[in-house]
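In structure tokens below, several structures.
Note that subunit A is present in both complexes that follow, paired respectively with subunit B and with subunit C.
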Partner chain A sequence: MTLPAGVYAETYDQDQALIRTWPQWICLICFMVLLLSLPLYGGGKVIGFMNVLWITLIAVVGLQINVGYAGQVNLGQSAFMGVGAYAAGALTLHFDLPIWLTIPAAGVIAALFGALFGLAAVRVKGFYLALTTIAAQYVFAFAMLKLPKKWFGQIQGLRLDPVSLLGFQFDDDVSIYYLVASISTLMIYGAWGLVRSSTGRALVAVRDNDKAAAIIGINVFYYKALSFFIGAFYAGVAGALWAYYIRYVLSEMFTLWLSVWYLGMLIVGGMGSILGAIIGTVVIRLLQEFITYFGPWINQISFFSSIGGGIIFSSMNMLLGCVIILFIIFEPRGLAHRWNIIKESYRIWPFPH
Partner chain B sequence: MISLLSHIINGALIGLLFALVAMGFVIIYRSARVFNFAQGEIVILGAFLFWTFSQYWELPIWLSLILAFCASVVLGLIIERVILRPLVGEELFALVMVTIGLLVFIRGLVLVTWGAEVHFIPPVFSVKGVKVGPLMIDRGLVYGGAFTIFMSILFSWFFNHTRLGLEMTAVAEDHQIALSLGLNVKRSIAMAWAISGALCTLSAIVFVSGKGMTFMAADIGLAALPVALLAGLESIGGLVLAGLLIGVSMGLAEHFLDSVLQGGVGAVFPFFIMIIVLLIRPTGLFGWRTIERI
Partner chain C sequence: MKRYVKRMLFVVVCVTFLMGGQATADVTKYKVPVISDFTGSWAQLFKAWIPMQKAVFAWWNDEVGKGLGVELELKHYDGRYDSSVIASMWPGILSECKPIIALGGGGADVAALQQRLPKDKVPVIYGTATYGYGWLPDQWLFQVRPTYVQEWAAALMWYINKHPEKKPVKIAFLSCQIAAALDLVNGIEKYTVEVLEPKGLAKIVAKEFTDVNPVDVSSQVRKIVDAKADMVLGIVTPAMSSAYIKACGLYGTNIPTIGSPHHTIWAFGAAMKTYEPFEGHLVVAAHAPTTDDTSKAYGYFKLLVDKYQLGKDQYNPYTMMALNQSILAVRAVEHAAKKVGAKKLNGQAVYDALIGGPYTEQELMYTLPTLEFTKDAPFCTKNLLVAIETVKDGKYMPVSKEWVPVPTDIKKW
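Right, the complex of A and B next:
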């Protein structure tokens, strides 16, 4: 990455810093203020959209570490998220624990479940690993519907009351907004730290060539399982927040298709970059909102009137499929790559190189 | 006792149907080294095309059958040419994701074109059940089982004894070596997709003939995964045995566990078997090579 003229690193810390120039600080602070003051001028719909976006961001950033950085195919992210949601719901309902304890606990429980299937990654690769994570999805859905009703409510799911922290009730969209925004920001910052650490470099080494990584002394088994652990931890936290936001947990909310959407977000944004995960999530969520908004209108003018409300669901599927296929064939490095090119040419303008 | 017997026989026949769908996977995987997750979607696309030809256009059944087969062969060729040819040599993740993207896309396409309501597929075989002793068995499934066994013998012979089949087997073993020996790798892969498309329509017709179907029937594609994996992803003859094993164990699980767990065991049981196979012997029963581990 090139830097503006006159800005150069003298130490390793400077070289690895996320923010290097004062305009970047100004942008960051302005953006933070914008996000924090959003409830002041954003309507209820915007806040609801942002809440789902923040939660999705956590799950997709976790998936990015697992898939984009460590190179492990994972089709079970939504099952891991579901485990987190059920764990948070059950801990709150049955043990009445405070949320500063249940959210990390949900993360850890989901992470253990994820690492269990990640252990398969120690034995198999590629297609076989994809199959294992699909199996995780089925095991999750089956277990949640069959375990004793007192634990997870079987087909009725879990219903939660609004939670509180330090006497502050999270009972409407705005209060939830601050909860999910702060946790999500923290998790994303953590991900940025993680991928620049020695752990992150080890994960990338395992992804790029696991034999070579083993030769230079990286414990390949450990890092493969660890990548599942971290990815599922993020999913678990996202699931816990989802449970507290929707206040209802049911295994049908966490389907294989949700995992496919998350992977689609990664592909659109760009593999192997936290920024890519964020761009992809925002772009796909906006597209989804767009279709939900214009779906009924398309329905009126189109000749497909026989499907009724199904048009939204089905055209979303077509869109997702198209987006995944087109990006893989024509822009495998995703929008983050495009964004870097734009940034680069802005910096060196008016010169071509 | 009769319930047990009927669970076993029905399970075995459903297992053979899964094996027929799985045969499509295996033929593609053998020559293209692509695992086509969209197989179930291609199956229902074939069934819906058959519905369109026979019910909507009101063509005679035999003509609709021929048209549906032709359409699915063309579909297989188009998918290969448009989507997978540009990705030759790409990393595995791209191949996994592109077929999943295809799955989602076809599912949306089917919903947009045919909608979510139940479509009644005209019976190709007589709908009267086959009576075996005290049991009534679905006639379509019996024919399906016979087709599976016949097809597996046919393709085992084709891949081991004909020039074209041997070429495809050689391509399956190593693309580069096959290329350097002057074999036409592209043609072999295209052939595999065409055969697989036809097999998909065959399993679709066995699966839904004389029944009502919605797009949800596509889940058979995922249900066939464990069969393909247990057989070993490269073995066509092994599919019959794997299908029987999984089907019978599924029937037994339904018989003995459904009362304990309030139903629904049958649908999940193959995936439990799949996890066990993945953990103990990822090459399956008759897989070719030692699987690439680490």
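Right, the complex of A and C next:
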């Protein structure tokens, strides 16, 4: 990565630091203040949008580790999220455990479920692995409808009361905002650390060439399963937060379609970059919001009305498809790459990039 | 002269302004959010709902609201029939509309909102039937119809009474493995096994499952035919219905089904322009039949067509759901406004008015039977009535001009 002129590391710690310059610190602090004070001026619409965005971010960052860094195809992230939601719900309902325990526990349970399907990654790749992870989606839905009613409520799902932590109850949008924002920040920070560690480098080695990785001593079996474990852990935490936000968990909330959207977010943002996962999630969520906002307006247009609502639904899905195709053709490295180009151009200005 | 004209004009403008101000000051406007689906999987259905909702609210504003000093303004939101979208947009709806009541779409918004509504204090009205898993106390959701199981059980009992020679009536299920359909199968199964079978009225002979939108169900129907079933229940989509009819044709049989109007006969007839394949089949719903153009409910619909630009072809099982939820919503506001006054309306007042009922058939313009809500369930649990329709000699018609009672011995499942 290019650094501003005159900025160089004098110690190993400086070289490893995520934030290196005081302007970066100022920007980060301003950004954090902006996020913390958002409920004061954001209004209900913004808070509602942000709550779902934060939760989605965790799931997509987890998927980035699994798909973008380790190179494993995963179409079951939504199911892993569902497992986390059910696990958190059941632990809260049946054992009355506090959320500081249930949220990581939900992550671990989802991670074990994810790793189970990840084991297939040792033997199969590409389309075959995709099919295996799709199976996770169906196994999840079927299991939730068939396991004993006392556990997960079968078709009734799980209904939760507002949860609390240290006497503070998360029973409205603003309190939930602070909960999901803080956990998302923690998870994203963790992801950044992970991908810069030896584990992250091993995952990248497996992604780039698993045979070569094995030759240089990387345990390919372990790292492939680990990538699913970590990706599903993130999904499980996201699921737990979803459960505490909506306070109702039903298997039909976690569809294959949701997993496809998550992959779309990665493609748009850029594979193999935590920043890409963040940018992709924000852009696609904004696109969804745009669709939602203009839906009633589009329906008023006589052309669309005359050919039926079905075409509008198709058009919106086609829009996502088109966005993904356009990115694959014109910017396969995603918006994160574009952002890096802009940043580096600014740093070396007035010289051309 | 010029000055005189100017003064007169000034006076006229001032008087007009004051009168206008007076008129608006007498009417309190409330926004009613409608969770709709413009770009999701049910866009086609919701598109048909909107003109009906608008017509009913416009009618009420003109006929009743003006007198009460209340004007209700509908604001449609695109929930895409997606829980995550609805969960994300609901806080914005609360701050934008400060709703005293809302109209819901279906399962996706129930899932997203059910747990938070008591705190938000916004009653939400639904025009669809309910599922067993929604049968919970202290809800802020209000459904104009009971559960599908109660509706279907009423039709089943009607069939059993009409065909005493078939006792016990042999029931087969043809359904799919989604939560809603499983709920329906579980409910009817429990009622049959625990109530009807001991009395020798009915028994279950086959249980077959297929996809939600299957292309072919011939192997499942083969088993149902072999089991000599008299009646098939569990069909929940038009695609299942059409695949079933195709399979029946293959085996040269026509075992009647019980379904909801928008799932079977009407949906099929609208596409194929004939009802004949459904000869003897039954559809049932706890609202006025849409096949009777001499009913008082149809008279009300005609009024909406004549005065509020509603299309003449808008009287069908789909739009009936929008009509029902709208009429209950405006009547609930009306009850509340009469109690607390036009300016003091809020969600709690409307909720109290809904629980306080009853809402008579006449008030509901004969589109629904009398409704009396309690805190025990999101739908009425007493004196439930339904309308049953069938196809006779190729004509789609109600089986009776009167409401048919729902059995009272159905327990939660």
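Basically, the second predicted complex is superposed on the first by the 340 of 353 C-alpha atoms of A that agree within 3 Å, B and C clash if a C-alpha of one lies under 4 Å from a C-alpha of the other, contacts with A are read in each partner's own complex, and residues count from 1 in each chain.
Simple rule for what comes next: a residue touches a chain if its C-beta (ideal position, glycine included) is under 8 Å from a C-beta of that chain, and two chains touch if they have at least 3 such contacts.
Because the structure is predicted, anything quoted here is derived from the model rather than measured.
By the touch criterion stated above, A:332 is placed in contact with subunit B alone, subunit C being left untouched. In the superposition on chain A, contact is made by A:43 with subunit C only, not with subunit B.
In the superposition on chain A, no contact is made by A:344 with either subunit B or subunit C. Looking at the shared chain after the overlay, A:208 reaches neither subunit B nor subunit C. Legend: residue contacts after superposition of the two complexes on their common chain; A:15 is shown touching neither subunit B nor subunit C. In the superposed pair of complexes, A:251 makes contact with subunit C only, with no contact to subunit B.
Contact with both subunit B and subunit C is seen for A:145 once the two complexes are overlaid on the shared chain. Of the two partner chains placed by superposition, only subunit B is touched by A:126; subunit C is not. Note: residues 142, 145, 310, 313, 315-316 of subunit A belong to the subunit B contact set and to the subunit C contact set alike, using the contact criterion stated above. Taken together, the subunit A residues at the contact with subunit B in this complex read 67, 71, 73, 75, 120, 122-128, 130-132, 134-135, 138-139, 142, 145-146, 210-211, 214, 220-221, 257, 260, 263-264, 267, 271, 304, 306-307, 310-311, 313-325, 328-329, 332.
Contacts from subunit C toward subunit A in the complex involve residues 36-47, 50, 76-80, 83-85, 87-96, 107, 111-112, 114-116, 119, 131-133, 136, 177-180, 182-183, 186. The part of subunit B that touches subunit A in the complex is made up of residues 35, 37, 83, 86-87, 90, 92-94, 96-98, 100-109, 111-112, 115-116, 222, 225, 229, 261-262, 264, 268, 271-272, 274-275, 278-279, 282, 291-294.
Of all the residues in subunit A, the ones that touch subunit C in their complex are 43-49, 51-52, 56, 142, 145, 153, 155-157, 159-160, 171-173, 245-248, 250-253, 258, 288-289, 291-293, 295-296, 298-299, 305, 308-310, 312-313, 315-316.
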